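Reviewing the structure listed below.
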Amino acid sequence: MDAVATETTVLVDYLLHLGDNALVLAQRNCQWCGVGPVLEEDLALANQSLDLIGQARLLYQEVARLEGGDATEDTYAYWRDAHQFRNYVLLELPASLPRVGYAQGDMDWGVTLARNFLYSALMVPLWDALQASRHEPLAAIAAKSLKEARYHLRHASEWVVRLGDGTDESHARMQAAFDHLMPYTQEFWAPSDFERAAVQAGVGVDVAGLRDVWRATVAATLEDATLRLPSDEGYVPQGKTGLHSEHLSYLLAEMQSVARAHPGAQW
Amino acid sequence: MDAVATETTVLVDYLLHLGDNALVLAQRNCQWCGVGPVLEEDLALANQSLDLIGQARLLYQEVARLEGGDATEDTYAYWRDAHQFRNYVLLELPASLPRVGYAQGDMDWGVTLARNFLYSALMVPLWDALQASRHEPLAAIAAKSLKEARYHLRHASEWVVRLGDGTDESHARMQAAFDHLMPYTQEFWAPSDFERAAVQAGVGVDVAGLRDVWRATVAATLEDATLRLPSDEGYVPQGKTGLHSEHLSYLLAEMQSVARAHPGAQW
Amino acid sequence: ADKLAAFQARIDADGRIEPQDWMPEAYRRTLIRQISQHAHSEVVGMLPEGNWITRAPSLKRKAILLAKVQDEGGHGLYLYSAAETLGVSRAELIEQLLSGRAKYSSIFNYPTLTWADVGVIGWLVDGAAIMNQIPLCRCSYGPYARAMIRICKEESFHQRQGYELLLTMMRGTEEQRRMVQDAVNRWWWKCLAMFGPPDSASVHSEQSMRWGIKRISNDELRQKFVDATVPQAEVLGVTLPDPKLKWNPERGHYDFGEIDWDEFWRTVNGHGPCNKERLGTRIKAHRDGAWVREAALAHARKRQARAARAAA
Amino acid sequence: ADKLAAFQARIDADGRIEPQDWMPEAYRRTLIRQISQHAHSEVVGMLPEGNWITRAPSLKRKAILLAKVQDEGGHGLYLYSAAETLGVSRAELIEQLLSGRAKYSSIFNYPTLTWADVGVIGWLVDGAAIMNQIPLCRCSYGPYARAMIRICKEESFHQRQGYELLLTMMRGTEEQRRMVQDAVNRWWWKCLAMFGPPDSASVHSEQSMRWGIKRISNDELRQKFVDATVPQAEVLGVTLPDPKLKWNPERGHYDFGEIDWDEFWRTVNGHGPCNKERLGTRIKAHRDGAWVREAALAHARKRQARAARAAA
C-alpha cells in the first residue's frame, strides 16, 4: 500500500471511530424518547441525540468523500456489521446495570446520565484539541461539535450532581451506575493503531494526554455529587478495533432492520 | 386463478398460520432460556420451544413442498416481513404487561405462563380436530403436535393454579396477566377468509366451534386458581391477516438479523 | 352578570381573554379540559412515531423524525403551560391522564406498523390536526391561541416533511410503494374520524362556538380536509380507500363514504388496538421516573437550605 | 483412623465412595466445591450460547442450539443433585454463586460475538471440557462419576454438532469463513487456559490425585487437547492463532506457545469482559423469579394443609 492510501486508511478509521461513537450513543439515548422521567428531559435527550446524529453524518460524509465510489453517510451506518464499528464499548451498553444482551430489562436513567457525563467529559477536550487537526474538514467538524459537547457536559454534570446529592435512593443508583461504567472508560486511554497513526500524521489527538483533564472534571463533579470516585480497574474494552460487547449486534440489528430489508432503496 | 391454485393458496395460508403461531411463540419463550425463575422451568420452557419449532418446521416444509421452487422451511421464517406473518397477535406480545414495542422492560413470567395456557387450551382441541383434516400431511402433523400440546397445556395449567392460588403477589400478577391477555383471544374466534375456505375444503377446522370447549377449560382452571375470568371484550386483533401489533417487527428484526446479513448463505 | 356580559362582549368583538381576566367557571373548565387533552395528545403522540426512530432507514430521516417527535414534546410543554395559566398544575393534569380520567386524541391508539406510517402520520394525521387547529389560533383564550399559532407553524412543516417522505418512497421500489398504500389504507378513515362526530351528533359544539373556542363545525372541517387531501393523493399516486370518494360538481366538494363510528367510539372508549399499550407505557415511564423527580426535588431543597444558611 | 484407611483403600482399589459411606471432611468439602463449581458453570454457560438462540440463522440450527443449551441446564441439574448427596442444598450453592463466593468456569466470561462463536464453543470449549471431564467419569465419588458419564456422552454429541456447524460455514461464503476464523482467533487461547495453571503452579492437584478426584494433570490434558485439535483445524481449514504451534517429532506431540496467564487470572478474578454481566444476569433472574418460587411454595403448603384437613 502506498503512503497516500495508508494515510487515507488511517484517517478513515479515525473518522469512523468518532462517527460511530456519536451514532451509537445517539441510538441508545433515542430509546428514551417519550419515556423519560420528565418531559423536559425527553426533549433534552432528543436534542443531544440530534447533535450526535449530526456529528455522525458529517463524519461519515467526510469518509464517503475520502473513499469515493458509491458510498454515502448511510453506507457506514446501515451496511457495516458489528465488527466493523469502531465505537467505544461504553457507548453501546444498554442503559442498565450489567446484564447479558438478550436479558433486556428496564432502562435506568442514572446509567444514561452517568454515561453521557463520562463521555462528554472526554469529548469537550478532545473536540477542542481536534480543532487543530491538520485535516481541515475534521477541524471544522470539531469546532461545531465542541459547542454541542459543552452543552451535553453541562447538562449531564448537573444531573449527576442532582441525583448523586439527591435522595438516598438516587445516590445509591448513581453510585452503582458509575461503579458499573467506570472500567469501560479505560478504553479511552489505550490507543489503537489507527489512533497512534492519526496522532503521528497530525490529524488525530493523543487521547491519553487528556486523561488528567478528564479525571479532574470527573473527580470534581463526583465530589459535588457526594459520590465516591470508583476504580476504573478491570477489563480494557477494545471496541475501537472492532472487538465489541454482546450488545452491539442487537443495537445494529434493530437500527439496520428497515434499511437492510430494502437493499438499494432510497428514503 | 383456477380451482387447484386457489385451493393451494388457501392451504398455504392455513399452514403458514399454524406454523407462524408455533414459531413466534417459540421465539418469545426462548427469551427465558437461562433467565427463568428456577432451572427446571428453564428446561421445561426450552423443551416446549423445541416442540413448537419442530411444529413450525414441519408446517413450513409442507408449504415449501406445495409451493415448489427454491423455497425451504427457512424461506418462510427468515425472508418474510411482518405483514406476511399470519400468527395470532397474542403470541407476538412481549412477556410483560401492556407497553409499546420500543419501551422494552423486564419480562414477567406470569404473562408467559398465562399466554401458554390460553394458547395451548386452544391447540389441544384444534390439533385434535385437525387429525381429521383431508390434507393428510396436516393430519399427521396434528397427531404429533397434539401430544405436545397436551403436555404444554398440563404444564401451563399447573402453573396457573400454583401462581393464582399462591401468594397475594402472585395472585395479583396472574390476574393482571389474564386481564391483559384475554381480549387478544378474541382473534381465535373471528375467522379469516382463508380459515373459512380451509374449513369448506375440509382441510381446516372451524375454530369458532371450539370456543365452548376452550371456555370450559379456561373457566375451570381459573376457578382452581382462584382467579376471576376476565372479560375478553375489546379490540379484535387480526394478526392472521397480516395486521399485527407494533411488537412483531422487533421480534422479526432480531430473529432474521443473521440470516438476512448473509443472503444465500447455507448454515 | 355585568362581568359575564363584559366577558361575552369581549369575545364577540374578537378580543382575547387573558389569565388575569374574569371568566365563567364553565369556560375555564372547558378550556382546561380541551387544552390538557390537547397536551396529552402531543405527549402520547410521541409514542407511535417514536416507535420508528431507532429504525429509521437513513440518517437524514432519523434526524428529521427525532426532531419532529421532539417538537411534539415541545408542543406538550407549551400546552401544559397554557393550561397552567388557568390555575391547574401539570402534575394534576398528568395524574388525570394516567388515571384514565383525561382523554387524548384517539388517533394515537392505532399502531405504526411500517416506516411508511411515519410519512402518512405526517401527511394525514398532522394534516387533519392542522385543519382542526388553525381555527384555534383565533381562540378567545389568549395563551391557548398563541400556543396554537406556534404549534400550527411547526405542524405545517411536519406535514410537508411527511408528504415529501412519501413522495420519495413512491418514486422507489415496488415494495416501498406497497408500504405507502398499505399505510394510507390503514390511516385514512381514522383521520376522517379525527374531526369528531357529525355535527348532528356533536354535544359540546354550540357552547364552544359561543365562547369563541370552536369556530368551525366538525363536518365543515372534515370536508375541507377531504377537499385538500384528494389532489395530494393523486399527485402522490396512492388510492384513498373509499369507493364513494368522488368530486361533486354541484356541491363543489368531494363526496365521501360513511365513517365507521362504532369503531371510532370503541377506540375512544378504550378498545382500540393500542390504548392499553400507550397508557401503560406512560404510566410505567412516570413510575420509573419517580426516583429522578424526587431526587431533583430533594436536591433543590438541599441547595436552598445551604443558600439560606450561607446568607444567615 | 480405621475409617480413613478403609476409605483410602477403597479408592486405591478403584472402588466408589457412595453418599452413605464415611468420608473425610476435606474430601467432602473438596467435592462440594468442585461439583458445585461445575454445576454453576453449566448454568452460567447457558448465557453465552443462549445469546444466539433467538438469532440462529436457520430453524434447524435454532433447534440444535436450543436443545444444546437445554442439555447444559440439565447437566446443571444432575450436578446440583450430585452435590446435594454430600449434604448441601441447591439453595445454598446458588447463594454462593450469586454472592461471588463460588466460582464458575472462567471461559464463560468471554463474549459470543457472532454466530460462528456457537460453533467454536461446541468444537473447542466443549472439546476442552470433555478432555477435562472424561477422567472424572472414573472419579472416586460415585454420584459424581455417574453424572459425568452421562454428561460426557452429551458433550461429545455437542462437540460434533459444533464442528459440523463450522464445516458448513467454511464451505460457505467468504464472510462466513471470516467469521469462523475470527471466532477461532478469539477462543483458542482461552480454551487452552481452561485446563488450569501449569502443573508447576497448580495447588490442589496432589491431594485430588490421591483422592481419586483428579486423575490426569493439567499439562497432560492440555497437550492431549492440542494434539487432538490441530488435525481437526486442518480439516476445517482454519489457522490456529499460534505461530509457535508445530509438530515436534521427538516428543511425538505438538509444541505450542505461551498462554497469557496474567490475562487468565485477571478474568478469573473478576476482570474479564463479561464477568459482571454473567453474574448480574443470574442475580437478576434469581431476584425476578423470587415471587414465582415463593408462590409455588405457598401453593404447595396450601395443598398440603387441604389434604391434611380432608384426611382428618
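A, B, C and D are the chain letters, set down in written order, and residue numbers restart from 1 in every chain.
In this section, contacts are C-beta pairs under 8 Å (C-beta built on N, C-alpha and C of every residue); 3 or more make two chains touch, one makes a residue touch a chain.
Remember, it's a predicted structure, so these values are computed and weren't measured experimentally.
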item	value
Chains touching both chain C and chain D, listed by label	A, B
Chain whose average C-alpha position is farthest from chain D's own	C
Inter-chain centre distance, chain B versus chain D - centres from mean C-alpha coordinates, in Å	35
Averaged-CA centre spacing for the pair chain B and chain A, given as whole angstrom	40
Junction residues of chain C, two or more chains touched	47, 50, 53-55, 281, 284-285
Junction residues of chain B, two or more chains touched	31, 34-35, 102-103, 105-107, 249, 253-254, 257
Graph class of chain-chain contacts, one of line, ring, star, complete, other	other
Interchain pairs in contact, sorted by label	A-B, A-C, A-D, B-C, B-D
Touching residues (chain side chain B, partner chain D) in the complex	23, 27, 30-31, 33-43, 46-47, 49-50, 53-54, 56-57, 60, 73-74, 77-78, 106-107, 109-110, 161-163, 165-167, 169-170, 173, 254-255, 257-259, 262, 264-267
Residues on chain D engaged by chain B in the complex (per definition of touch)	43, 46-47, 50, 52-63, 66-67, 69-70, 73-74, 76-77, 80, 115, 165, 168-169, 171-173, 175-176, 281, 284-285, 288-296, 298-299, 302
Touching residues on chain B, where the partner in the complex is chain A	31, 34-35, 81, 102-107, 249-250, 252-254, 257, 260-261
Interfacial residue positions of chain B with respect to chain C in the complex	82-83, 97-103, 105, 180, 183, 233-235, 237, 243-246, 249, 253
Contact set on chain D toward chain A in their complex	47-48, 50-51, 53-55, 111-114, 182, 186, 266-267, 270-281, 284-285
